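The structures come next, written out as structure tokens.
Across the two complexes that follow, chain A remains constant while its partner is chain B and subsequently chain C.
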Partner chain A sequence: MIMHSSTGAEPPAIQLENVAASVRVGDQWRAVLRDVSFVVAAGEALGIVGESGSGKSMTAKAIARLLPGRTRLTGTVRVGGLDVNTLSGRALRAHRSRVGFIFQDPKAHINPVRTIGDFMTESLVRTAGVRRREAMVRAARALGGVGVTSPERRLAQYPHELSGGLLQRVMIATVLLGEPEMILADEPTTALDVTTQSEVIAILDEMRRERNLALVFITHDLELASTVCDRTAVMYAGQIVETRASKDVHEGSRHPYTRALVGARPLLDHPQERLTVLPGRPIAPADAPAGCSFHTRCPYAKESCAEIEPELEEFDGGTVRCIRKHEIWSATTAVPR
Partner chain B sequence: MTGSSATPILSVHGLCKVIRGITIVDDVSFSIPEGGSLAVVGESGSGKTTVARMITGLTRATSGSITLAGAERSAPTRSATERRARAREVQLVFQDPYSSLDPRYTAAQTIREALRMHGDEHDRARLNRRVIEIADMVGLSEKQLDSRPRMLSGGQRQRIAIARALAADARLVILDEPVAALDVSIQAQVLNLLDDIRRAVGTSYLFISHDLAVVRQVTDDIIVMRQGRIVERGRTAQVLQNPVDDYTKLLRDSVPQPGWRAKRSFTV
Partner chain C sequence: MTTMTLTVESSAAARRRRPRASLLTWVSAAVIVGGVLLAILGPLLAPHDPDQTDIARAFFAPSADHLLGQDSQGRDILSRIMLGARSSMTGPLIVVLFAMSIGTVVALLAAWLGGWFDSGVSAVTDIMFGFPAIVLAVLAAAVFGPGLVGPTIALGFAYIPLTIRVLRSFMIRERAKDYVLTYEVQGLSGLLICARHLLPNVWPMVIAQGTLLFGYAMVDFAAISFLGLGVQPPASDWGVMVSTGQRGVLLGYPTESFVAGACIVAVVLAVNFLGERISEQNET
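So, the complex of A and B:
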């Protein structure tokens, strides 16, 4: 992966180096992340795509330092050049305000018995010491900025009076109020209608460009990631198995798992007789087999795949974690769908 | 698929639902041929789930008629016997199988219960064999059969819900966003499974979804609903390829695919 080396340059917004994490369950440590490295520059959008348990949410939590208490983490997570895991006190609070987090289900993250206005201004009033009236004015402005009409009325309403799409706009506006340097969006539109999704995505995209924010966009939807992000990273069993320019993922992905994801998703304009199906189900990082973690489901697996643990290596314009990539993609091999 | 059979498995005419003066479903008519698969597409508030609830007898239609397997079924069921009879005609599979499965029952118990309720098989050994047959069909392993829903993944839970519908031997299965909560690779397995079952058993589907690509994959016909009304209908491929109604066009344009750009309307 790209490392920032020149000493004078700004450190990248987000930089993960060989991050591994385990969570204590009972008397066992269960791996949730295994060797995750990537860099996101200011103004850049990275999509992290994977199925449940692949570690994509854990990656976002590691960046925000929101991992559960009983977590053991190795490797480094740097945000704005600072090692996130060494922060405490004021530095940690500063870190938290640099990182805006948008969750999948806004309802679960908004206090149902307090007004939208209370929710939006809470941290401004409590931690930034802004006067309540001033905070409300800013909140109204922020709501207007994400396309909410009559924001003053909305501020007086309660969460249950707002639709899911509107609540997600409230979430985005609230995050932006903290003037973050980066946004971590974890499945922000999964619970929304398609037409609403389109609007929320457009707002996120606009905000990122306007404010030069780094964006980490987590989703299970490869197509969505491709349209929102500059680059896409695909995770499987707690590892990144491929990274590539988003525009190339659909046609040009090179890891068998990415190919399988592309083939498994029905396409609106190109329906298939039968969807390409991967046998089995996604493997939890803690249950990953020896060798390549995908080999138990991989149509190209050979014996060696169960023995050699592949590294994430540059290949064909991206990075791919597969020891057979050259064989699979040699000129004579038919292009697998 | 075969739209030629004489009596449709389901036909609804002029279906309306008004709750406290608000029209939720407004003059909806459609039919599904035996072995057919109809998509009901729309966003939240379009009335698509209310239509399903009226067909299954969970809620009463304000007006209009529902004919299921040749019998008038417009009123909700009144007795346990009626509900069981209705259940043999139509089964529901929900988006979140977790909340629709009994947490205390293993997968095998859930399937066996449905078999016992709706079949005339009471011999224990034969029942167990049938449980395994059905589990095989939906791809549940023996270990999963002995697990409770809590221990299983979303895809596996959805397989139990589908297995239960199969066990009840329903001729029509209403699927309400059945793959929306599933991982992409599992989604593909379930969609293929639904296709296989329809081919093998001839079950008809009413497939409620917001996902046009999924609908394109598993249905023959489609109705598009908005604010309780049908705004467009036809063959699924036709409607999705060349939508006529503006709302259908908007839905289509909102699907992220290569070259797609999110649009912002500025009005909420």
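So, the complex of A and C:
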């Protein structure tokens, strides 16, 4: 009964190994991802947090193989054990239909000149060969499932007639209709107002648990990531600088950048005069300095930080990309805040 | 209550965005419909045999029997105009259909595939732009002999680069829209996305471009006929009539050239105007 031997075990839903990507701009190749590695198991949710341009969306697009044409990618992206970068044609389309992608701005990502019903059933009818009538019934059921009232009426409406929150539900319902094995949610609530945001998150969370989906949840919002996800990865300048169980991020994060992020958020129960800010501006992956890419803004930086490029290493229950982690955290009394 | 006011506002806004068709639009539409009717029914409606000469009545002024008068051979100008509609308009129509169908497909492919294919298409169209339509038509006339076939083929090819260039830019813009990404990630094939979503969404632009092209083609055809490389006299054709009427112009009887020219100008203007309206309506 040794079913779960190392060879017979199911490959993880998503596995990235040393993924680096650069995009050609004019004559130059500008790095957008640098050495990104992580694993997401089926049923697990990984949050990816970072500032704009830190490579969050690029990571998700690399998984779905939606990177723009002028992109050079190294490293391997495996989805369900399949190397995504070797796929083409029919196999690529099959791979993509296993991946549910929820985009940031539902208004832009739904064909404006087709009805909601048409949009939702397009892939079922065209690629899965489901009859239109049957597909419509399923679409209505899926809309109902994400809490949309009078779904039949919605199916006949056009995207401009629906609110942003409703459209994002349409997007989620459409993704679920395709019965994906994983969901990549690229800032799914950024374009929504706060009350709709919590509803959409709740739906997403419920669906993931119900269907045992792997979820990659991309957001600016550290707080949101830690509520939705089991683990949180923090990205800076195209690299993952720290991964940690979400529940430990607040107290237990060990990378100076993560500490700074945690320190910069307002707290309801701790009134503060001013928020702690991190000096400087986020660096684009292509402009990252030698050594540690964070050293220019890091309060703990020493000369060695500008020389040695740190690796993502196990540390204190997570992984941290910092050469001085031991030094900084040996003096546990002085918790930097 | 709120919904009430909202609906009222939005329908008012909608009305503002889509202005009512102007008088010019109606006139243009009428000219085109009239032209098409003439092209179809011309031979049935013509009051006289367009090739019936009557030298004794050369250059006769308009009369009750000959509403537009008679030409240098005494032929009825009105009948010749009515019959000329067909050959003057079918040539451009074929050219437009040919150039547009090839141009649209190539532009769509270039926009979808991008990369080296797109660069190649752009390079080839740039080279093709080096050959003016008229020069190609003269060349074709030399190869195929005078008639409609040569100019049609020449103009058909000459208009392809123009079509590609205009439509390609629209399609690249459409292809970059985010909804295309959604379809891609749903596992739809490129062909399906192109045929069912990209093309329908740029269709108004295709139509607008087609109408503009029709105007150009008509003028070019008339010019070719005028040069004597297209439709040959004594066949009735507006371009030919402008040419054969020249003698009348010199002698003080400009009706034939003038009426035929006016017909060409009217149809070209009407088609261009409608095409412009279509593209304007779909711009925002």
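Please note the rule applied: the second predicted complex is superposed on the first by the 330 of 337 C-alpha atoms of A that agree within 3 Å, B and C clash if a C-alpha of one lies under 4 Å from a C-alpha of the other, contacts with A are read in each partner's own complex, and residues count from 1 in each chain.
Going forward, a contact is a pair of C-beta atoms (placed from the backbone, for glycine too) under 8 Å apart; a residue touches a chain by one contact, two chains touch by 3 or more.
Computed from a prediction, not measured in an experiment: that's the story for all the values here.
Novice: Is A:H250 in contact with chain B, with chain C, with both, or with neither (first, second, both, neither)?
Specialist: First partner only, chain B.
Novice: Mind working out whether A:H109 is in touch with chain B, chain C, both or neither, as first, second, both or neither?
Specialist: A:H109 sits against chain C, while chain B stays out of touch.
Novice: Please work out whether A:G147 is in contact with chain B alone, chain C alone, both, or neither, and reply first, second, both or neither.
Specialist: Touch status of A:G147: first partner only.
Novice: In the superposed arrangement, does chain B or chain C reach more residues of chain A?
Specialist: Here the partner covering more residues of chain A is B.
Novice: Under the stated touch criterion, which partner chain does A:V99 make contact with: chain B (first), chain C (second), both, or neither?
Specialist: second
Novice: If we overlay the two complexes on their shared chain A, which of chain B and chain C does A:L66 touch? Say first, second, both or neither.
Specialist: So A:L66 only meets chain C here.
Novice: Which holds for A:T127: it touches chain B only (first), chain C only (second), both, or neither?
Specialist: second
Novice: Give me the intersection of chain A's contacts with chain B and its contacts with chain C, in residue numbers.
Specialist: Correct list for chain A: none, the interfaces share no residue.
Novice: What residues of chain A sit close enough to touch chain B in their complex?
Specialist: 51-52, 147-149, 163-166, 169, 193-199, 201-203, 205-206, 220-224, 226-228, 247, 250, 260-261, 263-269, 271-272, 274-278, 281-282
Novice: Chain A touches which residues of chain B in the complex?
Specialist: Contacts found on chain B: 43-44, 153-156, 183-189, 191-192, 195, 210-214, 216-217, 237, 240-241, 250-258, 260-268.
Novice: Sort out for me which residues of chain A touch chain C in the complex.
Specialist: So the residues of chain A in touch with chain C come to 64, 66, 69, 93-97, 99, 101, 103, 105, 108-114, 122-123, 126-127, 171, 174, 178.
Novice: Which positions of chain C touch chain A when the two form their complex?
Specialist: Spelled out, the residues of chain C in touch with chain A are 114-115, 177-179, 181-189, 192, 196-197, 200-201.
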